[in-house]
Amino acid sequence: MAGRLVTSTRTATTGGRRRVHEVRRLVVRRATWAVPLVLGVSALVFLLASRTPSDSTTGFLGARTQFVDARTREAVARMLDQGAWWEAWASWWRGAAGGDWGTSTVLRGSVSDAIAGRVPWTLLVMTVGLVLAFMIAVPLALAAAARGTGAAARLLTACAWVLSAAPAYIVGLGLLLVFSVALGWFPAGGLGPPGETVGPATVARHAALPCLAVALSQVPWIALHLHAGLVGARASDAVLSARMRGLPPRTVTRGHVLPVAVVPLLALMGARLPELVVGAVLVETVFSWPGLGQALVDAAVGRDLALLAGTTVCLTVMVLAGNLLADAALVAADPRVVADEL
Amino acid sequence: APGEPAPDDPAVTLRLAETSEYPSLNPLDAMFGITGKIYDGLYAVAADGTVAPDLAVGDPEPDASLTTWTVRLQDDVVFSDGSTLDAQDVAATYTTVVDPRYASPLASSFPFLVDVTAVDPTTVEFRLSEPYAAFPSTLTVGVAPAEALTGTVLDSPLNREPVGSGPYVLEQWQAGESLTLAASPTYRGEAPAVERVVVGFVLDENVRTQRLRSGDFDGAQLSPRAAQALEGVDGLTVVAHPSADYRAVTLPQSVPALADPAVRRALNLAVDREAMVEGILRGYGAPAATPFTVAQGDAFDPDVQYEHDTAQAAALLAEAGWAPGAGGVREKDGARLSFPLMYFAEDALRRDLALAVASDLAEVGVQVDVEAVDSAGAAAGMGSKAFVLGGGDQPYDPDTQVYTALHSSYAAYDPDDAYSNPSQYVQPEVDRLLDAARRSTDPDERAGMYRDVQQVLADDPPMITLVVLEHTYAARGLDGFDGVQEVVEPHEHGVAWGPWWNVETWQVAS
Amino acid sequence: MPAERAARLRVRGLHVALGPDHVLRGVDLDLDPGDLHVVLGPSGAGKSMLLRALTGTLPRGSRVAGDVRVLGAGGSVDVLRADRAALHRVHGRVIGVVPQAAATSFTPVRTLRAQLAEVVQALGPPRARLLPGHPHLAPVTPDAHLADLVATAGLDPALLDRYPHELSGGQVRRAAVAAALVGHPPVVLADEPSSGLDEDAAAVLAQMLRAYAHAGHAALLVTHDVEIAQAFGDTLDVLVHGEVVEHGSARRVLGSPQAPLTRELVTARRPGGLPSPAVSPETPPVLRLRDVRAGYGTHVVLDGVDLDVRPGEVVGVAGRSGAGKSTLAAVAALIHRPDAGRVEVDGVAVRGAGWRVPAVVRRRVGWVQQEPRQAMDPRLTLRRSLTLPQQAAGRDDLEPVEELARAVGLDLALLDRRPSHVSGGELQRAAIARALALRPALLVCDEITAMLDAVSAARLGALVARLAVARGIGVLLVSHDRTLLRASAHRVVHVDGGRLVPARDEAVAR
Amino acid sequence: MSSDQRVGADVVRWTTPGDVHGEAHTGARARRARGALIVGGLVVLYAVLVPVVASATGWWGGAGGRAVDYVTGSTAPSTAHPFGTDVAGRDMFVRCARALQVSLLAALVGSAASAFVGTLLGATSAVLGGRADRLLMRGVDAFAAVPHLLLGILVATVYRGSLWTVVLVVAVTHWTATTRLVRGEVLSLRERGWVRAAVSQGGSRARVLRHHVLPHVGAQVAVATALLVPHAVWHETTLTFLGLGLPPHQASLGSLIDLAQQSVTTGAWWTLVAPVGLLVVATVCLGLAMQRGTGRAG
């Protein structure tokens, strides 16, 4: 649509069905694009990894690297040798296509097992954490925006800024000290009590603090962007008119302020997902949570190409799926957004 | 609670927090550590800092040339899969260790092993290419069934599904979170009183501390500072074990100033080891002048020590021609007395030691520029930069403790073998003594030679050996058991060491 | 205050000041059930501000004096001093308001139906209150209630499923009227509800309000349209410069106006002489449309449109609300890309629209949009909005901003205000001034007089005609105002069924 | 609040209405922004001046240099050492100032760079539309899909231990978020009447963006950019935590916090409170100043 410049030529004359169709097209388009993208991203990671000074032999040996002689090092290097990065990349994908994700050098085992054992836990804290973050941030931003300039508003936004500046590690450790060590409300870490089999009930209790920690790391940006959007939306003609039609404050907020204010938030959400993964590592460290984050770090630091490729593909797919969800939500939230443009 | 078997749960479970996840449970991947609970070796570390027979019966018997060693085995040993352990398995284990295709990192410990043969089901014969008196101390590799020794160390089935003859078997492994060992039903010895050992992987020290306090765990390895803070808290006690784990600053002789033994001696005098032990190790350690430690028993000469003597250090430097120059840094012929010092970025202890060394040396006019590196960086820089070295990987014979660190055959800088003789130290007398000790069968004679080495080192130090550590652990409920014993630990530490190193022999206290 | 059957509004000595400006000066006003009260006044008189005062929604930073009271069976509310909670009980339930800026009065991201249905829900189920001449008779379901209400306002209920930006200016305006009446308030205040509507549609709306008033409600209609005021108003205030200059029965006041300004307003309706185009029909047209098809996606609004506008010629465009007049204007302004057909400006064929068209070509066309509130950047002062395009064009033969403002009758003092600080009419004048700022060859005016009083409208119409003739500018004058078209256009075309047809009205077609 | 004024013959007694609608006064907003700016200025002054003063006068144990003292290390705040000393006996007052200097500079540069690139690309993409837009956005997708941490680690292992690594990591991984934000806002803004008017008057894409579109995106971009500053420090801390950040012996907020967390459970709370407190104060000031400063003009 070359001439689409300023004026919208979108149809959408009667909302609903047409937009459903647009979203479906969006999904198909993105899914198609995801294939070369995942290939490309993994290639990029292989390339970057090949540029790092660390080598997989040192990664494999870990702390033992100090006590290993040249002959042994050479044997290990020969065992790990996968050729140039593109050869390694190609051979990994050849295997992956057949269901074999290769063998991790730092974990000394099948990559698919390692990932399958960790992905669910990462997904769990990420999604629950994000939902929790919205549940905390939205009321906070609403309260702050309700009295546009009051002291409460300043206090709440200042709190969000403080939280944004508090290092995630400190927040996590603080939660652990308060809710686990001092109050004893929640267990301090792990999936369950050490040595006991993991069941839904124990996981629920053990996931509480990690999820809260992830949520707290996401609250500031949600709250602050939403607050900025809310302040703008509240001052609009539309909101004044809605109020004058006799709508109760809640309805005005729910129907006229929020829908407008969340639009930039949704646009941002997709972009924040990769961030969530980073945050997960620290949270995983603090709460001994067996997620993908630590595996990713080990893989990158130890130049474990198979594990690196596996985790990258997983995270990339997760991020792409999250992006797609965020965009679909955006299309649903703002009729002025053209799905074909996303 | 730990230790006391609860009436309704007769099983005694010990829950320990490990500092990181084990990459593998393959005995050919690590010398000691947790695999020692699953596998038995021919010999095992004993409390007194020697190796004692485990699967073997009696000491290895060398021939006159010290190149053929015969070991007899117990005949009633079965693996956890029910198969019988015989000489074939031992031979296969050691053959595989040195097989380059298997790529076991332990191959470095067997530089002269040519072949291993099973003479009969209970006799194994090792043939070496050189006479090697220290050989028995290396026979601690866990023995695995011959059938399981396939592929490479990378994809071995033993990595995830260990089959050993040790007191425990792997019960469950929750990737990234914890691992549970249970008493092996097929163990030849007495069934352990501690029936289950849960090892949780808790990477962060603060978190380990908190989870220890919250009762999640019964014990963990901690830094001296963190352990000290826990002493007496919530029933926790601090356990400190002596070790062969020393820290030293290498003095690469490719740096012209460091080629002068007088300068090296001066540097050794200038560092305040007592302050390091007190300030950094919180008292858990001892000053060290050479790489020799208590783990080497008689071979260790405790009297070889440097006094902290700044004045004498300064005098030595002045004598060597290094006069105070601009900015308090000594100079000679326009060159400044300064060198870079690398440490592992993620290692807080090495960082602190590096800073303390830099601080101490600055007082005598030597400028040290500390530099944080990773292992790749360390290997690359080792030829020309000083490095905070850690030692004591295989300490149960003086040879394995010091030979590669001091012998001139390793002096040439090789990026693939950067940590051997990192100071590029060449000292013919030391070479002669080290080589002679390899050929001597008489333990007393060997010990004497090593004590002589220490005397030479005192005058011509290859590096600034700083301290030897005590490994610190916090544990609770230890008095609920009989049989808790101290051990001299190697460089390696973790919950397979500490008070739990012999957990299989513990008895519930009456 | 519970839902009222009837309520009155009493205003005494109302003063409003915004910053230094005294906008309303001692207004007294009574709104009683049963009468349609009209407030007539020139642009900027304070009509909208009066409405904001009556509803307690004055802008931040305003100061007030006097008294505004809603008197109902349940007691009285002091509107000016009431807090938000108290006002909430009044808004929608006691007082319904139709804001002047109808287009921005709906939230852009939800359909009209959703926004109206939510009002139905908030104000409780529609009650059947059968009063004589009531516009909607006892509807039962909320849906039917809405459909009925919207239809009464003259809007196709099917359009409710669209988003606000998918409707024409007149269509949203009628939706806004419906929204104000949903709660069946005893008092309704409408700010220029018929601006931008064709005469029929305007009459429908005015009739609706009048019927509503006569059904026992109090209704206030703000308008600048003398004919509407005369035809439908019962009582009338003429507001000039924040003061009521005349008050009485609409028929009497407009029949024999006393105040000079009222007189002017009434007489301004008479057409003046229209100068003939200065060019012959042979001169090439500044705008030539051939077989143009345009619309929104698959929704075709214009199909097969042919149109020539010659220099110096004013071409009027009339048509029902929603017929496609604004679409035609946007095509002529080179902003809306036609789906088919040819567009030529100054003999140059134009391909595409917007940024695709070279800037010099775009500058040949001046465009005044229908909704000034949306057309002016809310962050910029009026002066800056005017000077920015001039700076971009980099020409020095252009009139200074002050001159432009004077030409369109805009108070120079307002130039330094932002759009939110001026009245609708004032803003529209600024928009016209901006369109003229680059001395375009073609001026596209979309309902430029919709928000102006008769005097100003007539003046502006005359100005446009004069400019066209004197400067040889071609003008496309979109308007629903037959009087204006009659007075200022050389010929009029009618948009109907997507095509241009010669006007039906002989008087207009001439 | 009421005041009297003569109007003709009458006296008008002014009051303010009980309820109002619309945006806050720019005056009040500016005042609050000023408060934040003053505190922020003090923090900057502290960061810049203290090291200079320390090395000139020898106060607070002088500029530090190489001297460490682990034996008497970790002393609580006192007059000689207002923020106490760390585990190595170094004065925290001076070290925090140094750290703040280094980290804030890195964070500001990193976030400014990513805000700049993000705004530029997002706006350009939205305004170009069509195939160019789609292509650009798919590129952004690709970039955003690479896990940040991974990119961070890889970049950090290549260019280990330098401040610019942190800057690069922050800039490289965060422009995509700003791009998406800006593009979304611009897409919706470009259909507005005043933008169309500016286009019809011959405004070029760049001009229309600059004068009529970007100012309206300001508030959101300001929040995003200000949020990036603590986030950059957060990245630095994460990298340090993983052993890939600045060398642990060099003062930066990341390394100070990392060092402090190693000793926080042993009672040396001040080593953590000082750097985290400074980071928080600096961030809050910056955030509030940016947020108020660029809020919609009323």
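Per-chain numbering from 1; labels A, B, C and D assigned in written order.
One rule holds in what follows: contacts are C-beta pairs under 8 Å (C-beta built on N, C-alpha and C of every residue); 3 or more make two chains touch, one makes a residue touch a chain.
Going by UniProt, the chains are A, D = ABC transporter permease; C = ATP-binding cassette domain-containing protein.
Source: prediction; values computed, not measured.
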(request) Trace the shortest chain of touching neighbours from chain B to chain C and give its length in steps. (result) 2
(request) Name the chain whose C-alpha centroid is most distant from the C-alpha centroid of chain A (ABC transporter permease). (result) C
(message) Once every inter-chain C-beta contact is counted, which two chains account for the most?
(response) A-D
(request) Would you mind pulling out the distance in Å between where the CA atoms of chain C average out and where those of chain D (ABC transporter permease) do? (result) 45
(message) Can you work out the whole-Å distance between the CA centroids of chain A (ABC transporter permease) and chain D (ABC transporter permease)?
(response) 21
(request) Measure off the straight-line distance from the CA centroid of chain A (ABC transporter permease) to the CA centroid of chain B, and report it in whole Å. (result) 41
(message) Report the inter-centroid distance (CA atoms only) between chain B and chain D (ABC transporter permease) in whole Å.
(response) 46
(message) Counting only residues that touch at least two other chains, what does the list for chain C look like?
(response) 57, 84, 165, 330, 335, 354-355
(message) At least two partner chains per residue is the criterion; list those residues in chain A (ABC transporter permease).
(response) 2, 4-8, 53-54, 173, 240, 243, 263, 285, 301, 334, 336
(message) Using the touch definition from the top, which residues of chain D (ABC transporter permease) touch two or more other chains?
(response) 21-24, 157, 160, 191, 196, 199, 242, 244, 261, 264, 296
(request) Could you list each pair of chains that touch one another? (result) A-B, A-C, A-D, B-D, C-D
(request) Name, in rising order, each residue of chain D (ABC transporter permease) that touches chain B in their complex. (result) 65-73, 87-88, 157, 160-161, 242-244, 247-249, 261-267
(request) Spell out the part of chain A (ABC transporter permease) that touches chain C in their complex, as residue ranges. (result) 2-15, 236-249, 251, 255-256, 259-260, 263, 333-336
(request) Provide the residue numbers of chain D (ABC transporter permease) that touch chain A (ABC transporter permease) in the complex, in ascending order. (result) 21-24, 28-29, 32, 129-130, 133-134, 137-138, 141-142, 144-155, 157-158, 160, 173, 176-177, 179-181, 183-185, 187-188, 190-191, 195-196, 199, 219-220, 222-224, 226-227, 230-231, 233-235, 237-238, 241-242, 244, 257, 261, 264, 272, 276, 279-280, 282-284, 287-288, 291, 295-296
(message) Using the touch definition from the top, list the residues of chain A (ABC transporter permease) that touch chain D (ABC transporter permease) in their complex.
(response) 1-2, 4-8, 33, 37-38, 40-41, 44-45, 48-49, 51-54, 148-149, 154, 157-158, 161-162, 164-170, 173, 220-221, 224-225, 228-229, 231-232, 235, 240, 243, 263-264, 266-268, 270-272, 274-275, 277-278, 281-282, 285, 293, 296-297, 300-301, 308, 311-312, 315-316, 319-320, 323, 330, 334, 336-338, 341-342
(message) Could you list, by residue number, the parts of chain C that touch chain D (ABC transporter permease) in their complex?
(response) 13, 15, 17, 22, 25-26, 53, 56-65, 80-84, 86-87, 165, 330, 333-335, 354-355, 359-360, 362-363, 365-367, 369, 371, 374-380, 385, 388-389, 392-393, 418, 420, 431, 434, 437-438
